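Following this line, the structures themselves.
Consider the two complexes below, in which subunit A is the common component and subunit B and subunit C are the respective partners.
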Partner chain A sequence: MSNFIFGRYLPLNSIVHRLDPRSKLLLSFCYLIVVFLANSWLSYAILIGFTLAAILSSKISLGFFLKGLRPMLWLIAFTVVVQLLFSPAGGHVYFHWTILNITQAGLVNSGVIFIRFLLIIMMSTLLTLSTQPLDIATGLSSLMKPLRWVRIPVDTLAMMLAIALRFVPTLMDEATKIMNAQRARGVDFGEGGLIKQAKSFIPLMVPLFMSAFNRAEDLSTAMEARGYRDSEHRSQYRILTWQRRDTMTWIVFLMVVATMLATRRW
Partner chain B sequence: MAKTQLPKLDTLSMVTMGLLMALQLVISRFSIGNNFIKFSFTFLIVALLAKWFGPWWGMMTAAVVDVVGTLMTGGPFFLGFTVSAILGSLIYALFLYKQPVSWGRITLASVIIAVVVNAFLNTLWVTIMYRTPFWSLLPLRVVKQLIVTPIQIVLVYGLLKSRVIQTIQERLNR
Partner chain C sequence: MAITFEHVGYTYQAGTPMATPALSDISFTVPDHGYLAIIGHTGSGKSTLIQQINALLKPTTGKITVDDFTITPQTTNADLKPLRRHVGMVFQFPESQLFEETIQRDIAFGPQNFGVSEEEANQRALDMLKTVGLDESFADRSPFELSGGQMRRVAIAGVLAMQPKVLILDEPTAGLDPQGRQEMMTLFNRLHQEQGLTIILVTHQMEDVAAYADEVAVMQAGKLLTCATPQEVFSDPTWVQNSDIDVPRAAKFAQRLGKRGVKWDQLPLTADQLADQLVQHWPGMGGQHE
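Moving on, here comes the complex of A and B:
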């Protein structure tokens, strides 16, 4: 449970931490598209520079980012190796055996893919490490506001999300407690074959569902007692403010994108 | 402002959905399996939300949980996976919402999700995102789905038929 969701946020006081969550969310979304567009060495170099600058200004040590890479390791390795071995002919051939051959084009391709993986994962890790979950939720529901026009009940969803986030730690504690209680009675979690493992989770899931629903009943009664009727027609207590540093960050980002696009092979 | 056309939710349903979303985020942290095959039980919650609250709420909560879940675990966000999550929930709802629980329905829903969403679409997203070669990744993922899907079918059936879930459903409809 060491890599638990809420344990990932690192409370530091850097410029990245203090940015408006909305601008961080939008930035990391746009960043993904920008990474797609890069295709020359120089354009990648510019993006690497920008990413490193963002990481440095967050004051978070690089080790945390390397940890973020770990779950993706097999996919990265698999992709790079396949890309290397089954590459199309092109450039100098270094190694050849039946259908496997390592060519210059293959090496370049694998390098590019590796960089791409790093860039995408580093940036999303940065967002997670520098933004509190509740801020992410507030930012998201604020960014979803325009979806009202296509009749999506944004306010209700925001309310559900707020409830969900509030109860994640509670349910997590509860899950651990139930697991320990079942262990004490002889259930082995995570042992034996796949089917046996799946079966051992039933004594965890069933009580968890029941307790979650009991909580839901209590909470909804309490909410109604406090005058809750619907999610619309309400005011907001948590208000996000867009500040100068957000505008500045966007200006820097747009400048980086412009230079990147200029150095791109068209 | 445009009004939502969805049937109005009572507070209990809304709060229950919120707690199920929380449960999904919690459960996504537990996974079973070994180094080669790993899966978590989040599909149970997706199926349950779809069964109880139907396609619209199912799809919307699936989208929100996917976005929030990936953002908070530090995984790279990609819209394609959100689309997959939405589709998965939609397929469950089409087969399970307001229908009696049966092996046939659950099997069909799970197989469609396994083939279309997990094997095909998710591989496609990985390919687009990282330029992973599609045809070399697909067989691996198909094999995984072949092993995992039967287990999922049994678990969804077991869950939806279980007394606890039936009790809760009665209390929700009251």
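Moving on, here comes the complex of A and C:
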């Protein structure tokens, strides 16, 4: 669990960390679309360059990113291999056996998939590593504000999201504690056959659910005791302000996108 | 079972940017049938330290010996089950480990994991219920309908049912009422005396340290300041003040009397010792009680 870095925050002080979470969220989302627009090797090279530049300016070491990719390796490898073996005929055929083909088109396709995977994971990891979960929640709710017009309770949703994020580390700690206690009572987590493994999680899940429900009840009592009502318009403790560096980042990003589109095969 | 720590160090998330050292160069020995208390402020590494003893956390450097088991940074998980069978661990707020449908099955869970037959485990569960001061009528009830103090007892029974030779207690009385506290500590002491259990107690209650422990280890910022008898540790007022630890109430009282001229042969640490020495100083006072 501890080498799974996706979804964790790494407190550093870099320009990427200081960016407005809204601009980071929007940028990551646009980046996702842009990655799928690229189709020539040069356009991919430009995106790789942009990604590396973003990682470098976050002051987080590249090695840390690569280590964090390891849990995703199987997923990536599987997709690449499927793409390689089952892609439609096209170009030179290198290998053929019943329904399996390795063709030139397949090679290119799997290469493209690999790069896309890498770029998207890198960028979204950068987002979560450089943004505090609560900032992500604030940013999301601020971006969702227009949905109020269609009577979606944005504030309540934002509160739920913030509480959920707030309790992730608490419940993780709780889970570690309970696992330790059950290990000391002779449970082997993650060992033995599938059924034995599944069974070994009952002594973890039951107490974890109990404590989560107790916590939820305590929290709601505490919130009500302090006068929380979900219908009223709430002010924010964290106020997001769009800074010059956000504008600058977007200018750079749009320039990169423009260059990328120019080198794209149309 | 004797326990030996040799230059043990532990770092959380070693090898990542989040690495935080928690223990450094810890060496001490607890003899077989010993009773060691570990004291120190929150965050001083007490809980990290005790988790090394049954290898829930493995040392980053150094070596731990528990009887003939050796734990080093290279120890693999496969070798640990026999060790954990002998080292019972009562965590802080152990009631959070309860999960079974009935109390009996929850207590029998540990022994069964270590290969005890269902029948014997159930029998042990009934015995342990009595040991922790609950009667057999509890056996078929759900652990979740009990009071906090009763849940604590059931959880402790679940650890005792494994019949460990070493019992590690991490603030076992936190959150209990004074009477429950007293009963629990008396129970642990009885197990220590009668069955020869080696006990390691993490606590903030200096009275318990004075009353039960053979030796006390003082932790500060991941380091072991000292490991000596409670008498040695609490008797040196300057050392106690410099290392920022609390002393038992009786000792505090005795020290204040000391400032007013009362001479102690040996600083009394418990109320009983204090009373005895006072009676010796003023023989007339004892007579009035009889």
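The definition used in the following text is that the second predicted complex is superposed on the first by the 224 of 266 C-alpha atoms of A that agree within 3 Å, B and C clash if a C-alpha of one lies under 4 Å from a C-alpha of the other, contacts with A are read in each partner's own complex, and residues count from 1 in each chain.
Note that a residue touches a chain if its C-beta (ideal position, glycine included) is under 8 Å from a C-beta of that chain, and two chains touch if they have at least 3 such contacts.
The structure displayed is predicted, hence computed values, not measured ones.
Undergrad: Considering only touches as defined above, state whether A:Ser124 meets subunit B (first), subunit C (second), both or neither.
TA: A:Ser124: touches subunit B, not subunit C.
Undergrad: When the two structures are overlaid on chain A, which partner does A:Ile202 contact: first (subunit B), second (subunit C), both, or neither?
TA: both
Undergrad: More residues of subunit A in touch with subunit C or with subunit B?
TA: B
Undergrad: Mind working out whether A:Trp149 is in touch with subunit B, subunit C, both or neither, as first, second, both or neither?
TA: first
Undergrad: Determine, under the contact definition given at the top, whether A:Met210 touches first (subunit B), second (subunit C), both, or neither.
TA: Both partners, subunit B and subunit C.
Undergrad: Go through the superposed model and pick first if A:Pro133 touches only subunit B, second if only subunit C, both, or neither.
TA: Touch partner of A:Pro133: subunit B, not subunit C.
Undergrad: Residues of subunit A that sit at the subunit B interface in one complex and at the subunit C interface in the other, please.
TA: 3, 202, 206, 210
Undergrad: In their complex, what parts of subunit A are in touch with subunit B?
TA: For this pair, the touching residues of subunit A are 1, 3-6, 8, 25, 28-29, 32, 68, 71, 75-76, 78-79, 82-83, 86, 109, 112-113, 116-117, 120-121, 123-125, 127-129, 133, 136-137, 140, 148-153, 156-157, 159-168, 170-172, 175, 190, 194-195, 197-198, 201-202, 205-206, 208-210, 212-213, 215-217, 219-220, 223-224, 228, 230-231.
Undergrad: Which positions of subunit C touch subunit A when the two form their complex?
TA: Residues of subunit C touching subunit A: 13, 16-18, 51, 54, 56, 77, 81, 84-85, 87-89, 91, 94, 96-99, 109-110, 113-114, 144, 158-159, 162.
Undergrad: Under the stated contact criterion, what part of subunit B meets subunit A in this complex?
TA: 1-6, 8-12, 14-23, 25-27, 29-30, 32-33, 37, 41, 44, 60-61, 64-65, 67-78, 126, 129-133, 136-137, 147, 151, 155, 158-159, 162, 164-165, 168, 171
Undergrad: What part of subunit A is in contact with subunit C in the complex they form?
TA: Residues 2-3, 10, 60-61, 64, 174, 177-178, 180-188, 191, 202-203, 206-207, 210-211.
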